[in-house]
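Structures follow.
Look at the two complexes coming up: chain A is in both, with chain B in one and chain C in the other.
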Partner chain A sequence: MIDVLVAILVVLPAFGIGIFGLLARRHFIRIIISVEIALNAVILTLGVFSALNGTMGEAIGILFLFIIAMEVAIGLAIAIQMDKVFQTVDIYAVRKIKDE
Partner chain B sequence: MTFDTTIYIIAVALVILFSYLAIRTKSILISLIYLVGMYAAGAWALIQVGAWFLALIYLFVNAGGVLVLIIFASMLTRPARDIPTNRRITFYGIITSTLLIALIGYYMYASNINYVASYSSNYYSIASFIFSYYFIGIIVVAIAALSIYFGAIYVAGEEK
Partner chain C sequence: MVNLVNLENTIFYLFAPFILFIFSLIVAIVGLFKKYLVAKILSYISLLLALITSIYFLSYSSALFLFNGKIIIDKFSLIVWIALIIGAFFSLSSMENDLISREALPLLLLSLSLALIAIISRDLLILFLAVEGSILPTYALVAQFKKEPFSLEATVKYFIFGILATLLFAYGITVIFGNLGSTSFAIISDKIPNSNLLLSVLGFILIILSLGIKSTLVPLHTWAIDTYQGAPTSITVFLSTTSKILGISVIALLITGPFSGLYKFTTIYYILVAFALLTLVVPNIAALIQRDLKRLLAYSSIAHAGYMSLIFVFPFQTIYILGYYLITYSIAKSVSFMVVKIISGEGSYSSYDSLRGLFKSNPLIAFAFSISLLSLAGIPPFAGFMAKFLLFLSTALSSSVGISLALIALIMSGVSVYYYVIVIRFASSKSLGNGNEKLLNLSFEKYLFLILSIVLLIVLTFFPNYFFVSIPIISP
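Moving on to the complex of A and B:
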């Protein structure tokens, strides 16, 4: 037996940490890790929704997991290409190189 | 508050701790170790809710796919110093994430979902749900996954 509102509210700080990392970090792979943390909080919330709505939350959670895997694959491919072209994965350094 | 909710809160507290450490650590590889901890704690939280099947798939996809991808990407790129951005942007990051948490939290609290529920995964009903109501959805996700993985191979393999 789980208290649904409490279970949803306690996940929110994890989402906030992900958003904070997304905004405050400059290493591209670390930014992808931050997005991963934020989306992980969404998966946990969908798990709680499955307690609320039966199977639906779990089914959407499974679809969402595959979308997260896709996001990571394309993001890391971009990181590798960024490293080849700009010799760095620091997004500030890339912006500086592009401005010059 | 029920006993299950207390255990769930402990699991989510571990998720929050590991995510914070994964963001704060300087080395990407050490941050990956914290990410493993975060996945384990997340799976524990999902099991505590009763979503066994989602927890299983969650561990398969994240430990088998995402982590390996991040390890390979960090091996294939040059080690860059992950300097935190300047204080102004960090401040804006804290403000934005706090506002977002407050907004979502307020709407969740205002929605009055204040009841206690119990759930346990039923594999048959998940499969029938996915292959009936969400059949189009899973086909779209599968085609998108295929095209995105080919796209990722193309982007990563392209010469400069």
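Moving on to the complex of A and C:
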């Protein structure tokens, strides 16, 4: 059981970096890159579990990969549309429009 | 012993999600040929079939176990299904051709069909796939008017919080899986007392945070106001009912099912109570200073997430009210947003002044609007009163924390009457212009749904016991 705890604690900073980037970045593409970092942390943890006991962890990892890849595809579509409408992908620029 | 069912029976029992999924494909194809009326009628037929089968399965006395107990259809899930389908009905009836021509209907049916599967799933992986699959089409639904800056702004906020929720959910499942070696609810609830407590609590909190974002519990609600305002109003009907009901009922499923073993630890208990307390107080106070109808109703729907989260206090005693509360909330909230749609279109802004003279020019709309708002406020004799009364009463009877929370909920419910009554006063006041208010044209379906909602909100008051749910069954 201690192996599981170590695996989670080692990968937790990577997940934290991803979540921080998701919340703190202004550039939409950087946000999507942060999502990928957090996703990689999740999949890495699942890979360790898979090495510890059985192969189900890898299957779960592939499912997560599919779902988040779909979300990222939608995110890129939103980024393209932002570029068309606002001529920028800075999410603060979107917020500023409301105040005017 | 599990009653084994063969494939045909499985499809029969899962008829409601299947029919919505198949019709979403058919409606998408019909939409290609620009037959918008046909597409709408087909969507109505699929929703009606799903509603009828849900009501028919209610007559079954025992729960149905499918796929080795990974999917269980019990009374809890059927009542929540009915609440979800009602919200989709109202959302569909307020849509016009401008939205239907942009493929809103297939996305709506697809999202609803996966939401139905999420309620009956008894495995964290199926739950994850269904919940995320149900949220994915709503990003596209919010961005239907993608050339409008406000709609796009709403989409950006919704997307960032939505993907945050997805990541937290995924990591929560990872931690739970690593700790317990399984994602099945039955095994989790067996293993959790003898597991590594730190990891179980971490996983549980991550999953609750993720579902809290979807059901707009207060520190996590910030996306909801702008998204509800910026989205097309017909879509706001769908978001404020379906997504929220999905989030709250999945949390109820988790805290009474697999994670009920964690409930005796006070840290978890007080985290959930703090969510409930904040969600009761903050939106009700913030709604007092709003001057836009859509924002006000968005805050009111967050406040109702607070009333629903009273079940966190002592879920085993109070969960049976949840189904009735969800159904009354679903009807009242969707009618109020639908009237905003009729008055000021799909746009983002709808001032209180646009309501002036409504009682004189369009009495039916004004009556339906007033009754839905009074029901949301909890004024007798409307159904919202009975739902709030039973919920507060059972919360107060549960425990000492429950008494104080029920009291706060009662005070906040009193505060909410103020801002609802201001809106009704605007509707009954004289118009600013020369007295020639425009007569809003109502299509047949909207006429029907407004009358139906008035009747239901009065009649349902007297029959709460038909919609009481049982504690969700998690293992055969």
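Following the convention adopted for this analysis, the second predicted complex is superposed on the first by the 93 of 100 C-alpha atoms of A that agree within 3 Å, B and C clash if a C-alpha of one lies under 4 Å from a C-alpha of the other, contacts with A are read in each partner's own complex, and residues count from 1 in each chain.
Operating definition for what follows: a residue touches a chain if its C-beta (ideal position, glycine included) is under 8 Å from a C-beta of that chain, and two chains touch if they have at least 3 such contacts.
Values in this document were obtained by computation on a predicted structure and should not be read as measured data.
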{"item": "Touching partner for A:T55 - first (chain B), second (chain C), both, neither", "value": "first"}
{"item": "First, second, both or neither for A:H27, with chain B first and chain C second", "value": "first"}
{"item": "Contacts of A:R95 with chain B and chain C, given as first, second, both or neither", "value": "second"}
{"item": "Partner chain in contact with A:Q87 - chain B first, chain C second, else both or neither", "value": "first"}
{"item": "Partner chain(s) touched by A:V4 [first = chain B, second = chain C, both, neither]", "value": "both"}
{"item": "Touched partner set for A:F15, first chain B, second chain C, both or neither", "value": "both"}
{"item": "Partner chain(s) touched by A:L39 [first = chain B, second = chain C, both, neither]", "value": "second"}
{"item": "Most chain A residues touched (candidates chain B, chain C)", "value": "B"}
{"item": "Chain B versus chain C as contact partner of A:L76, first or second or both or neither", "value": "first"}
{"item": "On chain A, the residue positions that both chain B and chain C contact, one per complex", "value": "1, 4-5, 7-8, 15, 18-19, 22-23, 41, 46, 48, 56-57, 60, 63, 67-68, 70, 72, 74, 78, 81-82, 85"}
{"item": "Residues of chain C defined as touching chain A within the complex", "value": "125, 128-129, 132-133, 136, 139-140, 143, 146-147, 149-150, 152-153, 155-156, 159-160, 162-164, 166-168, 170-171, 173-175, 177-179, 181, 183, 196, 198-199, 202, 226"}
{"item": "Interface residues, chain B side, partner chain A - complex", "value": "1-2, 4-5, 8-9, 12-13, 15-16, 19-20, 22-23, 28, 31, 35, 38-39, 42, 45-46, 48-51, 53-55, 57-58, 61-62, 65-66, 69-70, 72-74, 76-78, 80-85, 89-90, 92-94, 96-98, 100-101, 104-105, 108-109, 113-119, 121-122, 125-126, 129-130, 133-134, 137-138, 141, 144-145, 148-149, 151-153, 155-156, 158-160"}
{"item": "Of all residues in chain A, those that touch chain B in their complex", "value": "1-27, 29-30, 32-34, 36-37, 40-41, 43-44, 46-48, 50-52, 54-63, 65-70, 72-74, 76-85, 87-90, 92-93"}
{"item": "Chain C-touching residues of chain A, taken from the complex the two chains share", "value": "1, 4-5, 7-8, 15, 18-19, 22-23, 28, 31, 35, 38-39, 41-42, 45-46, 48-49, 53, 56-57, 60, 63-64, 67-68, 70-72, 74-75, 78, 81-82, 85-86, 91, 94-95, 97-98"}
